[in-house]
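Here the chain labels run A, B and C in written order, and each chain numbers its own residues starting at 1.
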Amino acid sequence: MMTFFKKVIAGVMTAAMVAALAGCGGGAASSAAGTASTAASGTDAAAGGAIDKIKSAGVLKVGVKADVPKYSLKNPQTSKYEGFEDDLAAEIAGKILGDKSKVEFTTVNAKTRGPLLDKGDIDMVIATFTITDERKKTYDFSDPYMTDAVGFLVKKDSGLTDLKSMNGKTIGVAQSATSKDALQQKAKEAGVTLKFAEFATYPEIKAALDSGRVDVFSVDKSILNGYLDDKTEILSETYAPQDYGIATKKGNDDLAKLVNDTVKDLKSSGELQKMIDKWEIK
Amino acid sequence: MNPFGAEQWQTLFSDFHDVFLTGFLHTFYFSVCGLILALAIGVVLGVFSVTHNGALKAIARVYVEFFQNTPLFLQLIFMYNVLPNFGIVLDVIPICILGVGMYHGAYISEVVRTGIQSVPKGQMEAAMSQGFTFVQAMRMIVLPQAVKVMLPMLTNQAVNLVKNTSVTAMIAGGELMYLTDSWVGLYQVYGPGYLMAGVLYFVINFPLVSLTKYLEKRAKRGMVPKRVKRTEKILIKEGVANGGVL
Amino acid sequence: MAVFFKVFSLSNLNFMLQGVGMLLAVASVSIVLSLLLGTLLGTVKAYGPNVPRAAVSVYIEVFRTTPNLLWILIIYFLVPFGSGLSPMQKDFSAGVLAFTLFTSAVVAEIVRGGLNSIPTGQFEGAQSQGFTLVQTLRYIVLPQALRVSVPALLSQVITVVKDTSLLAAVNIAELTVNGRIVIGQFSGDGAALLLVYGFMALVYFSICFSLSIVVRRMQKRRPSGRPGKWEKEPQAA
């Protein structure tokens, strides 16, 4: 029947259209992580080219957060990004382009940082991005520049003190963040069941906590520090040490190496620690 | 990264039941409940707006203007985050249903109003002169005739409503869009994930869209050419041929 | 009330107004592009040869049955905008692309409906005067069709303005997003929340309501079709 046929065609067209859109995305930068074959494949041309591309662009494009005090916070008055991770980005720009100010920041959140990096809209991600084995299959990470752990933010009058007390409660987490997995594992071990609600950005989770939609706001402790106020407290319990790394797209070996070397140098020279202290990050 | 790698499709199919099927059913559930609510609100307010009672007309008008001129997203966040500060805490699911129900209730009331107004006024006058009360005349004479014109517009609104359930994903609504988003973030398989979601929305909506087109044709059939022309103009103005999306 | 001034401090207001700017920018550009593309598609679907017509049909069906939000996500995540554009420009482009694709499908159907309402006599008359099909469309048929469709098109404009709030899903700096950031400073303070949301609602409302008044007035003026001896004709959904 005609309408059935049309339905089939429309279905195929949807597929074709998304594929075409994605094809532009996938094709432009040829690395294809996630499938075993591609690790060594086709981008030896690009492997040497990433740094050159950045140099010819004249600016280093970095994806950073805009809502994490001390790490990377966008000042609403000046529209400038201020934080430890922003300084780190500047250091790398200095290494590649010789000028620490030649950084272009793009706001990302846990959900968008991966896709934007894949698309090539940004050269690297420095956005409290936790290194995990799963993620290593898709991205290249530098050595950890910071270690943190997952913490809990609760309302002072909630009476919640540790994981066990959260049995049956709802935990607010960010989409695409590692918190949910980490907590689910711990919960299983402790024999506790948790409910989860995911949101795209941290302010949303805080709003949900305030309005009682979630009982706990759970994310890396350092991020939680930015949302502390007089009605809430951070529990002392923490889980799953999180190593933050700088992520670059697979296949850009030259860039990955330079980034890693920079981090290593900053660590060994004590510069990194100085930056951390500057922002009073515990 | 190739968004369409074979590995990703594998993950999709293994999680299909938890993510996509569940999401599909939730979307379906929200849509049906929301639609019932919207119809109820729509019919009541639609009738209000054609009475001669100034107060009722005003109520209908205010409601319609408010809900039609503010974003659904804003309305949802308001119920989700602001009301609790004043003691009104509703569960997520009722909020989703209330949200789309009230929003589309406004649009449906306009549809009802158009439908009623497409019936010649003489019908109401004749009925009342025969002793029908306003409500009786509405129920037995005017509305049944109005329905023919209203049907395509109603199914159009139904399609929009289904699509709008996707907005509840932003307040963790638990339906198809939310589950797809969440799953996609986990495995970074956004290509196949969103594609699958698109297909599933298509599956729900295509029958409705086809129904709209069929009803549109039927609304013009069996009427005098003058009525046909008028009906057509009404349908065009309402943009039934797919206007009023969202 | 002290809260009022804290909430609507100059910097906060400025910040939110920037969001309004983005909103208006994305909305207006998308609307213009969708009108152009949509009219083209609608015309093809009404009068074009079979193959393009089928293609357009499929395009329209796809966008008619899937949510706008889905396309915003797909385009933002999968379409690269390359170098040379600032992040804000990339966000803007993604938003415009998503809205244009989606809205043109809607516009196409509205225009097609409008075209269908034109009596065939117009074509015959034109062709008897030596107009080609394209000329007929351009000078005679389309203007009339568009005029009939204006209320529905305006309603769609209103919808696009409201839908820019969906760009919040990918954190594009429009009004809703900026509003939420401002709210972040006042967590738990009910009055402040109300003020900010009220402000946002007011902005959307003013823009959309003014447009809707225009729509209603337009419908009142048109004597043809005269359905409502009850009252004026309703606004398009």
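We adopt the following convention: contacts are C-beta pairs under 8 Å (C-beta built on N, C-alpha and C of every residue); 3 or more make two chains touch, one makes a residue touch a chain.
Quick caveat: nothing in here was measured; it's all calculated off a predicted structure.
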{"item": "Mutual neighbours - chains that touch chain A and chain B alike", "value": "C"}
{"item": "Chain closest to the assembly centre - both centres taken as Cα means", "value": "C"}
{"item": "Chains most often in contact, by C-beta pairs", "value": "B-C"}
{"item": "Furthest chain, CA centroid comparison against chain A", "value": "B"}
{"item": "Averaged-CA centre spacing for the pair chain B and chain A, given as whole angstrom", "value": "37"}
{"item": "Interchain centroid distance [CA atoms averaged], chain B/chain C, Å", "value": "18"}
{"item": "Length of the line joining the C-alpha centres of chain A and chain C, rounded to whole Å", "value": "33"}
{"item": "Per-residue overlap in chain A, given as positions that touch at least 2 other chains", "value": "10, 14, 18, 22, 25, 111, 115, 200, 207, 210"}
{"item": "Chain B residues counted as touching two or more neighbouring chains", "value": "3, 81-82, 85, 170, 181, 190-191, 194, 198, 202, 206"}
{"item": "Chain C, residues touching no fewer than two other chains", "value": "61-62, 65-66, 74, 77-78, 169, 180, 188"}
{"item": "Complex interface listing, chain A residues touching chain C", "value": "6, 9-10, 13-14, 17-18, 21-22, 24-25, 28-29, 53, 57, 61, 67, 76-77, 104-109, 111-112, 115, 119-121, 200-201, 203-204, 206-207, 210, 227, 229, 231"}
{"item": "Touching residues on chain A, where the partner in the complex is chain B", "value": "3, 7, 10-11, 14-15, 18-19, 22, 25-26, 31-35, 38, 110-111, 114-115, 118, 138, 175-176, 181, 197-200, 207-208, 210-213, 249-250"}
{"item": "Interfacial residue positions of chain B with respect to chain A in the complex", "value": "1-8, 80-85, 89, 92, 170, 172, 178, 181-182, 185-186, 188, 190-191, 194-195, 198-199, 202, 206, 210"}
{"item": "In the complex with chain B, residue positions of chain C that touch it", "value": "60-62, 64-70, 73-74, 77-78, 105-106, 109-110, 112-114, 116-117, 148-149, 151-153, 155-156, 158-159, 162-166, 168-169, 176, 180, 188-190, 193-194, 197, 200-201, 204-205, 208-209, 212, 219, 224-231, 233-237"}
{"item": "Touching residues on chain C, where the partner in the complex is chain A", "value": "11-12, 15, 54, 57-59, 61-62, 65-66, 74-84, 86-87, 90, 169-171, 173, 180-184, 187-188"}
